[in-house]
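As written, the chain order gives the labels A, B, C and D, with residue 1 at the start of each chain.
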Amino acid sequence: EDQVIVFSKRIENGFTQRPTSFVKFICELIGTLIFVFFGAGCAAKYPDLLTVSTAHGLVTIWLVYVFGPISGGHFNAGVTIAFALTGKMKKYEIIGYLISQCIGALIAGAFLLLLYDKTTGLGTPTLALGTTTVLQGFFIEFLCTMFISFIIFFTTTYQSHKEAALPIGLAVFSSFLVGADRDGAALNVWRWLGPAVASQTFKYYSWIYIAGPIGGFIVGYIAFFLYRRIWNWNIQQLILANPFRGYRCSC
Amino acid sequence: EDQVIVFSKRIENGFTQRPTSFVKFICELIGTLIFVFFGAGCAAKYPDLLTVSTAHGLVTIWLVYVFGPISGGHFNAGVTIAFALTGKMKKYEIIGYLISQCIGALIAGAFLLLLYDKTTGLGTPTLALGTTTVLQGFFIEFLCTMFISFIIFFTTTYQSHKEAALPIGLAVFSSFLVGADRDGAALNVWRWLGPAVASQTFKYYSWIYIAGPIGGFIVGYIAFFLYRRIWNWNIQQLILANPFRGYRCSC
Amino acid sequence: EDQVIVFSKRIENGFTQRPTSFVKFICELIGTLIFVFFGAGCAAKYPDLLTVSTAHGLVTIWLVYVFGPISGGHFNAGVTIAFALTGKMKKYEIIGYLISQCIGALIAGAFLLLLYDKTTGLGTPTLALGTTTVLQGFFIEFLCTMFISFIIFFTTTYQSHKEAALPIGLAVFSSFLVGADRDGAALNVWRWLGPAVASQTFKYYSWIYIAGPIGGFIVGYIAFFLYRRIWNWNIQQLILANPFRGYRCSC
Amino acid sequence: EDQVIVFSKRIENGFTQRPTSFVKFICELIGTLIFVFFGAGCAAKYPDLLTVSTAHGLVTIWLVYVFGPISGGHFNAGVTIAFALTGKMKKYEIIGYLISQCIGALIAGAFLLLLYDKTTGLGTPTLALGTTTVLQGFFIEFLCTMFISFIIFFTTTYQSHKEAALPIGLAVFSSFLVGADRDGAALNVWRWLGPAVASQTFKYYSWIYIAGPIGGFIVGYIAFFLYRRIWNWNIQQLILANPFRGYRCSC
């Protein structure tokens, strides 16, 4: 019902059909562009932990709120790959999402060059090498995205994207509060790629910003999958335990 | 239906008719006054990046939430000009909005004189000249308002102003996190004009606070317009591809 | 309808009747206690501007959200006096609200003595005398509460208290961002009285924390009253301009 | 009705039955794990008061929002013990909740060892001994949890967990703003236990993180219980005062 109202409101405003795959790709492109632009655009100034976490947390809330109902609001290679595993996305959609996101991140990097000198690094995540080892950096990326992944799958199973925007954005916020001042906290391949390409900042440990989020989102999805299995598993036990269970339905 | 309840609630509280244009003008006047008063009133103390961004982001959320259902919650010459381009506003409304906003901003400037010494600049945005060039300042104003403009047009097409208050306010918040410590981040002609007139702070680069937001909001609207075109464009393709498409409606 | 559901939910949870005046007084007592405890309890440590503003803004949001539907969520002598002017409150209710709030504030002061040494001032608002004159302090109290008052009256005319909690709380947040580091920003007689009595901190300028908020809330109410007059005023014009207006109803 | 929609949405997403007790235990385990991981994971870096309070406040909001509808969202021995007093929880559920929460906290401690050196204390709450006595530390734990407890019981009597997530999370936020820089503010036995076991940080005053929250949550529940008594008490008075009250129903 809610969706019907939203759709009639859209038509009234000149949107005459449901979004096509191409529209979704544009959403992912713009969304990733915005995430990288506002996230890296704040991080490029090396602000304190709370400021940089606020920047990434808030932009996630409003992006998922605005674009979530159209494209699902991935903006993240890890999220798209994890959703690909569910089998609900078509092959060309998966590839289209990833390419669109990549283009968005690269445009964001180009925009950042208009605002900052290249030597600032443009907000490319970097390890605080004195206090954080590469392995710790990997675990920050991996564990935080694992939790975010579980939350994304769980909240979107019984809530609209608009309702899920708050918990997902706040989970990103919490993750940055743990990681932003230690490994730079990309939590997203594109968040690293955009400014890294534009500022040509590549480090020997940059793999953690690719392997960490993708691995974390996949493991988070697997955890959610097992969780759903456990949730549904008991019903069979109950049926075995009480073979006459069906009769009670007539009461 | 929701609007009916709201309206009956209003009547119960003594509002016996729908808001007239004049009521909308007053809303824009008060809203712009409040935005400039609380925004510049915090910025006048030169607080850190997060504090000044919070001040502008939060005041936007509650202003759009409160006054959005009445006047649309522009409070910004750029927004009004962009909405004027949609052709939905009448000429006298456009002029009335702009004049009301301007008066509100000037009153806010006068109020700030009661709180601060004129020499503080009263929160007039200024370039951090050591780190930011005038061109970079222009791009901050232009790009951030471009994104905000797209978000405003997109969210208000399928959501009420009360629902749109959060994403719009947070987009302003994110923009200040990128720009507030570099070019002062007006993102709004009135936000610059109010304190600038009251403290007589005019710089050679002040044009960026006029051209940046107005240009950004117009380009953001054009981007939204093209986006809606793309959204609707495919339906025609589908019709051409399947001329019997209409028959399926009877199934 | 929403209220019916809420009420049936309450009955289910053991609340068998609508709240009496006495229950409302207890709500005001607890609410004022909580506001002063968490507000002054943070301010007593002299944190930075954003921290102390967050403390007061957030506690206002959740207090109005929780207690607003019961007692209206005043927690403030200024708000109660302004509502008294509307003529909708009974005399014994006005007095009961004020006494309850006062007791709550004094208990909060006593609780603060358990947490802090008396010499800290327990978060009693004080002027930053180097940068702020007494008159500026008065204007901060007066102008901020004037805006908050207008917002309270306006939002509660067409929204539930739960919906109004966010804009009201954020307006308090914005006000503290303007005033907290200059005059201590009570914006509330009880917020000043509770810690002032407990720590025996009385200054020659303490009157601003009484006159400012009460004056501001009254003027804000008058502004709202005039605003509603203007809103309704045109309908009479229309009637005079078109005496046969009533006939059109039958179409 | 809302619950029906949620449930049908869940079934559509592969959740074929209502959550069993075992599913609730897993929710409590994961939730406590997340609370301790993100809370202590930020506190381990000894950030400023606002940052550490934000970390704990926000994680509470999204945890209660996500897991509240399933398990009630306790994640806290004090909350579970207070709810046990209501008589609505079964004995095995109480024990299952406490054990699950404990396991979650211990796993969080193990995860933190992957991110931080043991010598950091892993965010174990500690008294700021120069400024805070042990007794003051106890009162911070006790009073803050007392207020939170009252709010939890009150809000969940007439609101869904999703609606209650905001006020509860913000109340935790406010509490940390009062306590985080003085006694470390656990407000939760598990928040202390997890990092304390992993980093083997045990102090002579550690009892305050056990006795404070448990005592506070119990007293908060008793206060709520008395409050509900007072609320319902007057109806009997009214009946006695007007024995013909029932007749008026027919009017």
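Keep in mind that, in the parts below, a contact is a pair of C-beta atoms (placed from the backbone, for glycine too) under 8 Å apart; a residue touches a chain by one contact, two chains touch by 3 or more.
Keep in mind the model is a prediction, meaning the values are calculated, not measured.
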item: Same or different residue numbers at the chain A/chain D copy interface, by half rule; value: different
item: Farthest chain (mean CA position) relative to chain B; value: D
item: Degree value of the rotation bringing chain C onto chain D, based on Cα positions, nearest 5; value: 90
item: Euclidean distance of C-alpha centroids - chain B vs chain C, Å; value: 28
item: Whole-Å gap between the CA centroids of chain A and chain C; value: 39
item: For chain A, residues that touch 2 or more chains besides their own; value: 48, 50
item: Overall pattern in which the protein chains touch one another (line/ring/star/complete/other); value: ring
item: Of all residues in chain B, those that touch chain A in their complex; value: 48-50, 53, 57, 136, 139-140, 143, 147, 150-151, 154-155, 157-159, 163, 166-167, 170-171, 173-175, 177-178, 181-182, 227-228, 230-232, 234-235
item: Interfacial residue positions of chain D with respect to chain A in the complex; value: 6, 9-10, 13-17, 19-20, 22-23, 26, 30, 34, 37-38, 41-42, 45, 47-48, 50-51, 54-55, 58-59, 61-62, 65-66, 69, 111, 114-116, 162
